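What follows are several structures.
The following pair of complexes shares a single chain, chain A, combined with chain B in the former and chain C in the latter.
And then the complex of A and B:
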């Protein structure tokens, strides 16, 4: 217990880094995911196929390989990102492919009459999607989106392999400096992640119930 | 950089044998974790759907098991098993007979991956069990079968068939998740790719080779799973041959 209290400020500083990583990656993945999901649902195959390719390619890659790609290969291509930003890009782009599938399913679940009525009353295709279909789809997708974001928060721990000094990296440093308290230190990390993610899923449950009411 | 690609670092030895060795390690991990997580996941799901009032504490414990292992990152769990549990003399002694074949890192990775995946399999199977009509269990019980026989012979086969698309997605996730074990020093596919990268600086070639091998394994796996789903559904519902949704590549 003393080991944790002594190293608390050091480890908690990483929690702030984790929160920044997760928040930026959530924003990036939401933008890309809604875009790819809307494209995936388009009627024109020239719009749809690139989106399908993007989604399938990313979903067939393990995240670790994707993170290493974003860090090492992008650097070779001349995009010399810091580990933090490479992590944001990797997590954001990776998660966007999963979000896109959820968005696509959400759009498909909006009754076609909504689409037809909006088009018939003179809205453009883009405006129908943005103003009529997407808002309804988003509400239905909320639970699936939250579990994807929880996955993203768990996944932030993986960017420690490219040297981002986030929460779990600091926990590991603490653990290897002490060497004698692996259960206390790693247990502390597990409890922190659990409280964060489980809490988030509870809040989402609440919101869901309220939306249904 | 793309005008001087050197694919020979992955297509020729020693790179090639590095990658093939890594792929073999990843494949073993995936298969063993899938088998293990199915066994553990089934037991957890059975415990969670039990109704006996005396088993209420067990149900609480199992739901804590599922929530805990699903909400803590896999990497944290793997580090816990490898640097926590496998630092204990007792655990090392128990694992010692296996060490000629599997290193302690491998065993820690296998244990972590199995338990992590079992929580997801248990959830998928639980919803499969709950979507089997209650009448099936009641009829089997009324026909004279005991609770466990009715479960095993009547409810579980149907539940597995219904839940298998979801469970199959978890198997594919588990296969991709095997890559996380590189962080605890298991010499899996990604670990070997990283070795090649750090020896040759050919990042693109090394990681692309690993990625291609992963994609081939996962595509083969999802084709195999689709066949299994079809077989299962025909066995329980002889008319429903075409209704099987193929498992997609899931996270």
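And then the complex of A and C:
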């Protein structure tokens, strides 16, 4: 226990880094995921196909490969990202593909009568999607979306591979420094991830309640 | 010059001919009731007017424009044609007022304030101003359908189309919706109504059009049609509906 308290500031600094990383990646993945999901549901194949390609391509790569790819290949392409930002992009883009499939399923679950009512009143395709269909789709899919975000938070531990000094990286450093306390140190890490995810589900629940009201 | 004109309109799903050469014209201010057995193509005909369905042949002119031509601004044409559905199709995530305001704000770029005022006027007209800030799920079926009518009227359409507006309602709610429609007909609105409410047809229709097998079989004033339908099919149809 004393060992954990001694190393607490060191590890908690990483927890803050992880929270920032996760929050930015969640925002990025939401924007890209909703966009790709809406495009995936479009009637025009010129809109649909690029979205399908994007989703398939990203989902076929293991996350760890994708993280390395984002870091090294983006640098080669001239995007000189810090490891932190490469991590945000990797996690955000990776998760967006899964979100897109969920959003697509949500859109498909909105009854056709909703489209018809909106189109019959003269609303454009884009406005029908934005004002009528998407809000209903996202509400239906909220639990599935939140579980992707929870996955994303846990996946932040993988970006230590490109040298982001996030929480898990620091936990590992602490663990190998102490050598004798793996149970306490890793247990502490598990509790922290639990709290992070619990916090997220609480926020999500609040949002859902507000949306339902 | 009719406000709606069908000339030789055909529609098929694969091998199934749903509309089989429809010729029909509706004059401005006219109230036409469409009757016919299930599957005769009434809904399909109605949905072709504002291109919710496309056609396989023939031409349609609505308000001087062809809804199925690429050159037509379809959103503009549709905003001049109100459509009321059997199952209301209100937007469940919006309040009653928001349902009514959406199209005027998005399509006609009316200000939110003006749209809200207009929504309140329309709710007054359909008899439920106190429901403006309720959600559709908090309303009875009859109230929901009246909101759907108000929503369609908010675009100031020249034509209103109704596809079995009372068929999904409990019997005690049918009257309140029909009253709104009678009032609308009295105000000079052009209306095409698919319904099984023979009382409404007798009382309000200027003309009854009877369809069967994707064709217009008979078209006559209601008195004439109900007293002595000239075709075998219409006679049989009337015998059957008078038994229910």
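In the analysis below, the second predicted complex is superposed on the first by the 196 of 213 C-alpha atoms of A that agree within 3 Å, B and C clash if a C-alpha of one lies under 4 Å from a C-alpha of the other, contacts with A are read in each partner's own complex, and residues count from 1 in each chain.
As a working rule, a contact is a pair of C-beta atoms (placed from the backbone, for glycine too) under 8 Å apart; a residue touches a chain by one contact, two chains touch by 3 or more.
It should be emphasised that the depicted structure is a prediction, and the values quoted were computed from it without experimental measurement.
Contacts of A:5 after superposition: neither chain B nor chain C is touched.
Of the two partner chains, neither chain B nor chain C is touched by A:209. After overlaying the two complexes on the shared chain, residue contacts for A:64 are found with chain B alone; chain C is out of touch. Using the contact criterion defined above for the overlaid structures, shared-chain residue A:136 touches chain C, although it does not reach chain B.
When the two complexes are overlaid on their common chain A, residue A:116 makes contact with chain C while staying clear of chain B.
Between chain B and chain C, more residues of chain A are touched by B.
Per the touch definition, chain B reaches chain A in the complex via residues 1, 67-68, 71-77, 79-80, 83-84, 87, 176-180, 182-183, 190, 193-194, 197, 203-204, 207, 210-211, 214-215, 218-219, 249-251.
Residues of chain A that touch chain B in their complex: 56, 59-65, 68-69, 72-73, 75-77, 98, 150-151, 154-158, 160-161, 168, 171-172, 175, 182-183, 186-187, 189-190, 193-194, 197-198, 201. Only residues 111, 113-114, 116-124, 127, 131-132, 135-136, 139, 211 of chain A touch chain C when the two sit together in their complex. Across the interface of their complex, chain A is touched by residues 50, 52, 75-83, 85, 87, 89-93, 102-103, 106-107, 148, 151-152, 155 of chain C.
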